[in-house]
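What follows are several structures.
Two complexes are shown next, each including chain A; its partner changes from chain B in the first to chain C in the second.
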Partner chain A sequence: MQGPSYTRDRCITGVHGLDEILRGGIPYGSTVLAAGTCGSGKTTLGMEFLVHGAATGEACAHFTATEPSVKLLENIRQYPFFDMNMVDSGLINVFDMDVLYSWLGLEKATFDLDDVHALIKSITDIVNTIGVTRLVIDSVTTLCYKIKSEQLIRDFLFTLGKKLATLGCTTILISEITSATENAHWSSFGVEEAICDGIIVMGDVERMGHLLRFLQVVKMRGTSHSRAKYTLELTPLGVMLTPMLKWGTTVDKIQGWGG
Partner chain B sequence: MIELDQRIAEQLSEVSLNSSIQVRCGTSNAFMVTASVLVPLLHSFEMGGVYISASRGAAEMIEALEGLGLSTENIHFIDLVSSGFLGGTEVPHDNVSFVDSPIMLESVLLRTLFHMRTTTNERNFVFLDSVNALAIYNESRMLAEYLHTFINTFRQRDVLSVILNVPDQTPPGVLANLDLYCTDMVDRGQVVIH
Partner chain C sequence: MARKGFTFDPEDEEYFGDVGSFGVPKFDIEMRGGIPRGFTVIGIVETGAGAELFAKQFSSPAEEPENTLYVSTAESGNEILRVFSKYGWPDDINVRTIGEEYNDRVLEKELQASRYRLQGFDMKDIQTLAQTRFVEEEADDFLTELTNEIMTLKPYFRAVVDNMDFFFQRDDHSRVVSMLRMMQAHTQMMRGLLLMTVSADTVSKAMESEITMIADMVLKFEVFMVGTEFETRMVVKKFRNAPENLAVVTYRVTPEEGITPETVQRIA
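Moving on to the complex of A and B:
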């Protein structure tokens, strides 16, 4: 049987095992939701995605909403795969969302439609000005806490994703979830997962009292991909993945925090 | 001083890097057989590698090997035992890393692959000590699946895999699968008449 005659160009993540799972990488310009429980390796995965882009000369940006950029960099620079020169030379640009809010005069508890549009414009202006081709927002959950309406969250993510894709930017939106069980939503607000081009779920499997990190690609538009669970290990070289033992996923229950 | 089994060295000279060797031993000769495999790999074939220590702590193994005059600097030890008791991971060796439990089989595989990515040795082995120790903690089907993955992973990467087991302490299903997956066998197992 003849295979597809057209395949989309890929953004090679450089994350050990992930590009094989995605049959070559994330389709360029996609917006991917990386949804995971606490400690599942989301931030490391996002930063490694940027480091591999920067290593090939791509301009990358990281918007941090969960922790100050100084703290983020202090934590991530412990990994040998991370090179602080990439930040100093402007290949990886780290932005504090709190500073961005301050620039925009958005120092308030909740955002309305105009605020959301101002935020989208600000992010896309930065992407456009610097020529960013890889973007991570960590986390979209923290950002969306300020947007009270589900409709507005949907509009925000849809418009942001569309504009970033037009700019040729491949984006990872990090989402914090409390449970990675089969019945759980893969996003905090239940709308992110429907809008994004791809969903990568990260969590823990409990095996006889020990937690093993896993990663599973649930959805990725524009490419065939494995939907199996992969065991994830955080090493000095970054994330490493191997297929989870089939008999190992059924030995005990799937574990999520507070789920 | 133990006497090494020279016939094991002769047998090892006939295997290739992408081989997987099942090494059968008894409870009383396990260390002699282990040393008889490691000495030619390190000295004659100038290999380096990873030693997965599930039977006993890595520090104890290092001391035993160094007692034979064997340098362990080209071996990285992955210790699956010592995290099981407080203070067990405080060892005076740089070439040891620890996995929390022998049930975290995929973590062991990833740690080994990590070492293979970072090592400067041109020719490498991975020594699994031992299947029967892993069988204490892991269900037979999962262990058989793991060994299948383990052997094929390293065979594909031209890393010699050596799998130690005491046959009469290994589940029959796992043993049968090892016979099927491994390309070679060094049999120094003891016959046990029940």
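Moving on to the complex of A and C:
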């Protein structure tokens, strides 16, 4: 006897091509690790995810730890898809982690257990109070650098993910990695990838003398998805994903991933 | 006399003279005229010995009020001015209350942070947080600020820091000593008078030795029981180039003169 079919509700990312890869979007309440090398389009992807939510009236939040929010907004507002009114009207709330640290008395080199709990409480407070349904933390790597113990990083990510899921918030944690090759880890600390519900890897691959950006969904709990590699282009309209044709040159196999 | 890189106005030299007053006339007499200009005095104090009053009294001659600085790390501005007013000492000198600044700049911020951590954010806090783009860069390095402030004082200045415990408790001791050396050098160069107090037992014996090595004059303020009464005394432990001034001075506090020496016993 066949049981009733069940499909989890999806959070439509609005990123061209990504929802198709995910068969409809990210399952609601998931915590997804967007791991990528420098310049691979992580921040743009994250912001586009928020813009799409804001466009449909969802409350969104962006925590920036890698660059000041002023700089982030100046860079992102050059994209026609981004509307500064979304920030001004409070649909997209951009928080500087440095400011949050200062408010919480966390202006120190390393965080202990109490500090980590204070941080989780603050983020979930914000999500709960504003009713945030889409959240981006850019980057979780910068944040976790302050947490010295691997166990504490694990606790932080696990507890944060659990609480955000309970609040119905779909989260993208941006992770900086130095290499997106097949032997590389998809996270800086090795624990993020195990805890998150999904992993999206972004990087560069050389092909016929050109350096192409690629995106690949490695893992996504709660949905079937393509595991193929897609070419990622940063266009004025945002991120655009197109299937990457297979290749087979020696150079590609050495420098690429999963060739 | 011209010193390295600095020339003094002959009129100033005549006006200020070679020595300045301790602010305690009887003590000036015992110390053969007063304290040589350019001296850094370290007061090692015991609680209840009246050293806070002595510190204020030391600043009271205020030859140039605008070039006289009183720094307190524990008292409020009002408390200090009340004492100056009580004894009729000039109250137009520069007073800096680092203790109060610390409360405003550091402790209040810490209290607010504790509130956020305990109670979380409300909607108004979140809106403000989302609109705050920069962290207020407030330097809370009071030791550097103190050193800078002393270093900007002009020739023949008079300055008091009551007391250095605040810095020894918050900063690396070797850093405090480095700053102390800079202040001592500036005092010497500018022929200023600088008094800094430090509580006995705040620093280790080794550190105390280092401080007393830097100082030109060391005064130890003691309080002890004689029978059923307290007695206060000041031991002049070091007087650079004038060991004949080393003495044990018993004193009491009078409403008219503040610290008033009673008996003097020579050591050397």
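Simple rule for what comes next: the second predicted complex is superposed on the first by the 243 of 259 C-alpha atoms of A that agree within 3 Å, B and C clash if a C-alpha of one lies under 4 Å from a C-alpha of the other, contacts with A are read in each partner's own complex, and residues count from 1 in each chain.
Everything that follows uses one rule, which is that a contact is a pair of C-beta atoms (placed from the backbone, for glycine too) under 8 Å apart; a residue touches a chain by one contact, two chains touch by 3 or more.
Quick caveat, the model's predicted, so the values are computed rather than measured.
> On the A-aligned overlay, A:Val94 touches which partner chain: chain B = first, chain C = second, or both, or neither?
second
> Touching A:Trp103 in the superposition: chain B (first), chain C (second), both, neither?
second
> Under the stated touch criterion, name the partner, chain B or chain C, that contacts more residues in chain A.
Counted on chain A, the partner with more touching residues turns out to be C.
> Is A:Asp125 touching the first partner chain B, the second partner chain C, both, or neither of them?
After superposition on chain A, A:Asp125 lies in contact with chain C alone.
> After superposition on the shared chain, which partner residues are touched by A:Pro68: those of chain B (first), chain C (second), both, or neither?
After superposition on chain A, A:Pro68 lies in contact with chain C alone.
> Tell me, which parts of chain A touch chain B in their complex?
207-208, 210, 212, 231, 233, 235-237, 240-248, 251
> Flag every residue of chain A that touches chain C in the complex, lowest number first.
The touching residues are 68-70, 90, 93-96, 98-105, 107, 114, 118, 121-122, 125-126, 129-130.
> Residues of chain C touching chain A in their complex?
Residue positions touching the partner: 109-110, 112-114, 116-117, 120-123, 126-127, 129-130, 132-136.
> Residues of chain B touching chain A in their complex?
It comes out as residues 100-101, 103-107, 109-111, 113-114, 117-118, 137, 139, 141-142, 145-146, 149, 153.
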